[in-house]
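Here's the structure, in structure tokens; my notes come after.
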Amino acid sequence: MSIEKKEFKPLIVAFCCNWCSYAGADLAGTSRLAYPAEIKIIRVPCSCRVNPMFVLRAFQRGADGVIIAGCHPGDCHYTSGNYFARRRMTMLFSMLDFFGIERERTRVDWVSAAEGVKFSTVMNDFSKKIHELGENRRLGDLRCKQTIDR
Amino acid sequence: MLQKQQLQAETIRRISGVNTRKCMKCGKCTATCPAHSEMDISPHRFVSMVENNEIDALMSSDSLWKCLSCFACVERCPRGVEPANLIEAVRVTAVRMQNRNRLLPENIPSLLNNKLPQQALVSAFRKYSK
Amino acid sequence: MTFDYYPGCTLKTKAKELDIHARSAAEALGIKLEELTDWQCCGAVYPMAKDEIATRLSSVRALAASRDNGRDLLTLCSACHHVIKRVNNDMQTDEEIRTKVNNYMSPETEYHGETKVVHYLEMLRDTIGFDTIRQRAVKPLTGKKIGAYYGCLLLRPNKVMAFDNPENPTVLEDFIRALGAEPVIYPYRNECCGGYISLENNELSAKKCDQITVSALENKADMLITACPLCMYNLDANTNSEHKTKLPIVYFTELLAQVLDI
Amino acid sequence: MQRIGVFVCWCGTNIAATVDIDTVVEAMKREPGVVHSSDYQYMCSEAGQSRIRNAIKEHNLTGIVVCACSPRMHETTFRKAAKAAGLNEFMVEIANIREHCAWIHKDRTEATEKAVVLARTAVAKLNLNKPLTPGTSDVVKRALVIGGGIAGIQSALDIAEAGYQVDIVEKEPTIGGKMAQLDKTFPTLDCAACILTPKMVEAAQHDNINLITYSEVDSVSGFVGNFTVKIRKKARSVKADICSGCGICTEKCPSKKAKSEFNMGLNNRSAIYIPFAQAIPNVPVIDRDQCIKFKTGKCGLCAKVCPADAIDFSQQDEIIEQKYGAVVLATGFKPIKLDNFDEYSYAASQDVITSLELERIMNAAGPTGGKLLRPSDKKHPHTMVFVQCVGSRDTTGCGKTYCSKICCMYTAKHAMLIREKYPDIDVHVFYIDVRTPGKNFDEFYRRAAEDYGVNYIKGMVGKVAPTNGKLMVQGSDLIADRQVIIEADMVVLATAIEPDQTAKSLATMLTASIDTNNFFTEAHPKLRPVESPTAGVFLSGVCQGPKDIPETVAQASAAAVKVVGLLSKDKLVSNPCVAGSNELLCNGCSNCQHVCPYGAIDYVEKEFRINGKIKIRRVAQVNEAVCQGCGACTVVCPSGAMDLKGFTNQQIMAEVDAICR
Amino acid sequence: MQTNNRPVKEIAQEIFAENQAERILGWKRGEFFYDNSPAVFSAADELQEFVYDAFCGSNLSKFLVKEAAKEGRIAVLLKPCDRYSFNQLVKEHRIDKENVLPIEIDCDGMVDIDKVRALGIKGIKSISADGDQLTIETVYGQKNCSKEDVLLLKCQTCKDRTGGDRFALVREIEEMSSVERYEFWRSELSKCIRCNACRNVCPACTCEKCVFDNDKSGIANKANSDSFEESLYHMIRAFHVAGRCTDCGECSRVCPQGIPLHLINRKVIKDLNEFYGEYQAGADDSSVGPLTSYELDDVEPDIVMNRGGGR
């Protein structure tokens, strides 16, 4: 087994609400505003669909960062979804912090369908932060990690 | 100079508890003030001058000593600005400076009459002197 | 029922009538007023600046003493009522003032605004009831037209004083009715008489007093009543003599005692 | 096990330039469930779609993944293609390898790797997809309009014109609302009655409109397309069907001490009354609190004089039940009470009036026959003061925090009309700001000031003191920086407006949300301003927020279009991606109900057979016609009973796993 | 212990005597004097076994989910802390209130036998409480100790009795550095044997089927493959009870490994209070909880990044 040091390639999961942030990501694409390829987007109807279990699952399976993007408060397609998401994620992040998981591994941001630039900026910034933090060792589940090279 | 005024204005805003930005410049305070005829700076201008850190002019204003503390402006302000608190805060700031006591004990005897209630004296000292 | 009673300095000297009749009337109506021992002057003006701590202490001492006695604190002078009630409110709501005051006094038990401050008129209205007074009226003032002069301190700011409708108060009018007289409603009954400024600028005070008395006379008042020694002094000293003869001004407690025939 | 086909689109060079298509196609062949993987230059073209259709048939596919542009672009296209080949349209997943990959990454290796991940994520999700069928429900072709003011009338007329039945429920004895009380309307100064009453008549005579006046909504159940509404028809004590509206009863009625509501209490009316001459229906109503017959048992004069024998003292409230496909809320407004603003002496002096009272005084059919007279002594006034923003823009809790929007303009109107008719009257207007956004609005206001000499004073009034038969108005003139005292004969207060008190109870009945000021909330503040978040409930007029007549009418028509759009459908097809509860897991805790923005979740007591025993449990049931599929409920469900079709917990976790593999 | 100066047992007897309920949910003596356990009594003579003393720590509310669904009215004895759980369960419709007669009883703290033993007192035969003092009969004679020193962890910071700062320990952990916190929890949670006692005793965990037992939930797992998987279990559990946990402290009381699990819930409660205003789950049986409501001007999630505490 070689102990060659590999370059750290983080894995970032982004949950984007269908109505604002996913469309914002589309706009970033149409405008050719680059952000790192390590960011992979999962489409959900609303930020309130994101169960904290999904975030924990991502970390458990080896994600190095998780970001949730939704409509700006007041603009939710479903009027109140992002308000619930805001409370839930605040509580989840605080709990993760309490367990000693690095605070910066999680983030919530509000990106509208018109904010392609913001989408790209937020993703670049978040990715930069995850690069600084390095690999998520504290929450990764070893059992899952081993299956990576199948 | 400007910096000094800014600091003073900050103190005034703090000790008065007044958020001058809440003022929507409707002028109801000035409309309501029973002492307005004696004032060189109207209550509504007090609010905007503190907001704009124009403290020197306020400190030398006669209005400081004309406010009756009747709270009519506080009661009627539609935005909850409390101009009377602001005027008192400026007055207090003025009085606290050296040699700025307005009412001196040596002036009292000439003001006395046998009907004057104690509270008139006490309140005058509280309002006009350190 | 027993209240702790805070007379204040003026009621001990220049406003004895306000005090004496209040005590006798209360006694006649079955209310016991226990004068607080060792009360100090409240300072006569409420210190609006939040960093004025020492000027709040005498009020807090009275309030804390009343709390320890387990009684409500009854006041009579408008100025004292205003100052004590507002300082009490500070102690309830302003954490910074509360901490500083308690640090200053280091009392055995910290004071947090537990005491209820009651004005004599509130006691008449809420504890005794104006109906009772009407029934007890031995010499009702039938046919008298009396104007109530509220002044500022009892009513404002309503958010803290919570005494009556600040723009259209009714407690003194109801009181006047209970005495068998007819209340005169005139628009300047809640406007300031300029009492606080009478030492500094009695010209302005005179102007304000004039506005009040003219308005009361125009609405056919025979006399004015007040609860405030400073208003009393000011209206007396700064009203022109012509109006003064037409419109005597007395403390409301004097009339109460008179009607109860004490 | 699914049989999945993967179709990778080149999008010309848009994708193919940065993503190695072959690598993606080959990688997908190794994914579980995938039985076919191919590529084409333009998948969205007819040729591309036909390849998909053929592959579905040829390989007997159960689902397809299209790796192409954003689903927001062509998801519908590919779903149609799948459907055409006999596949359920919800067995289609899109991997967005254009906007989210090819267009933003330059490095070919990196982009290809990411495309593979995105594709396998879609495959992972599709493996768990289930065919979904959109639910359908019938639409009752009838609309209910609550409120018979100009907003309600306009909405009803537009819906009726489109050929649908409409009921207007109005709580007062007549339709017409606040507009009927107005004298003239800004900025054109045409008379309100002249433009309103024809509309009232039109509504009354329209074959498709049914007026239910003197009635209130008692309860509402059901959902979009199928509301069941109970309406309480209050007893008029007059048989509306045989009354001829001759009005003899109102003339002969001996009880004439009730304050006229229509004239803002400025004069009296009889106990049996018709609110105003042009009332519709023109049928009197007996005010039972005032009627001598009802109070003492004696009298009954109206019954004696009625030529049609229409008086019925024994009439009872009646409950009507009716089904509706859509509901329009047009409950309007009222001026606030002025109890918190006694400094203006509204209660102390009769000559201090609200603007709506002035409308009645100026109106030819009003209590003074249109002559401007002081209410106290019926004398001609010489000086009038208008005060703006009375109770509006007040953050102290005494009034309303918002701008009532209409006051600036109607005050300009009042001032102008007075100066025009009585040039001898001095008119002063105290204002904080004059707000005149609107067509010809600012010109109108400036005309009042410039051509008619209305004295606009920037400042506020502090006190109005009734003195010697005059009103001493103490105000500020901020431009001159002085206090002014104006000796006025009349003071007119531009009183803030607030939603009618019925809004709150209706909001509860309809689960239509209201804001802190009790205005109805719109589904989206910009894009869905005439819909309530509750499907099938629409908003018309001031009940949604302060607005003037043209805006109200515009919104009323917009709401009508929305209603017509809804009623024109025979069936409502609902989005099948809705929440559903697994009743066996449901705890009955109500958490989901609390967070549902649409009131789509109900609870029922249901019998279950558990281990041979019958057990009654409280379980959640989602009304699929009402649910919009946000998923808020799924997260608060502790047992995981609540799930969202199309975005199930398992599907999303499979996506997470696929990305993190 | 007494309530309204009457022995609780007398109250229980009265319930049967006056036919107020058909069954009573209370505690009965266990094998040892210190392991009293919850029990349902359905006749007066069964009350011989009834006990209410300093070892009745267990919260009876949860048992009502099953018991109240059965035929016949049931009376339940609720200590002040248990009352919250009761209300919360009523709020969530888990208990049919109509079928329950709640009896509030006084409590001056429950004793942790392990803490008595830790004082070096051996051969304990019985313990009786006399005000603040405990009298301990041992085979080596009588011993005394202060009750305050041997209270159950949850009783030391009782919401109703002491008014002590129940968040002190949470604060201490917050002040640690991120790595210290991680190590703290890693070492605590690595002790977890996944016996599920915390879940089984928790009055907020009354799901028809727990997600951890449901293969379809995607998070079901019975055995741990890595020590930190346990923290996921506890995180998910804490999140599931967030806003509903009344801080009854049962989780820590029953943990055989002595993991301070209640601290996780307290952290959540502390955050909810700080972010969204004071809220006590179960203070009433109708209010809507903080995670099923919102305000337009709630704090943004980045408050977690920007506030104090160790990094």
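Chains: A, B, C, D and E, in written order; residue numbering restarts at 1 for each.
The rule is simple: a contact is a pair of C-beta atoms (placed from the backbone, for glycine too) under 8 Å apart; a residue touches a chain by one contact, two chains touch by 3 or more.
Bear in mind that the values here come from a model prediction, so they are computed numbers and not experimental data.
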Labels of chains that are neighbours to chain B and to chain D: C
Required steps from chain A to chain B (each step between touching chains, minimum): 2
Remotest chain, chain E as reference, centres from CA atoms: B
Per-chain CA centroid nearest to the all-protein CA mean: D
Chain whose mean Cα position lies farthest from chain C: A
Whole-Å gap separating chain C and chain E, where each centre is the average of the chain's CA atoms: 54
Chain centre separation (chain B, chain C; CA means) in Å: 24
Distance from chain E to chain D - Cα centre to Cα centre, in angstrom: 47
Set of chain C residues in contact with two or more other chains: 167, 191
Chain D residues counted as touching two or more neighbouring chains: 343, 463, 595, 636, 649, 653
Multi-partner residues of chain A (at least 2 other chains): 52-53, 57, 74, 80, 84, 88
Chains touching one another, given as label pairs in label order: A-D, A-E, B-C, B-D, C-D, D-E
Chain D to chain C touching residues, read off their complex: 339, 341-343, 345, 347-348, 463-468, 472
Of all residues in chain D, those that touch chain A in their complex: 70-72, 96, 98-101, 103-107, 110-111, 113-114, 117-118, 121, 513, 521, 523-525, 533, 577, 595, 597, 628-632, 634-636, 644, 647, 649, 652-653, 655-657, 659-661
Complex contact set, residues of chain C against chain D: 165, 167-168, 185, 187-188, 191, 215, 218
In the complex, chain B residues that touch chain D: 22, 24-33, 36-37, 42, 44-45, 72, 76-80
Of all residues in chain D, those that touch chain E in their complex: 584-591, 594-595, 603, 615, 618, 636, 638-641, 649-650, 653
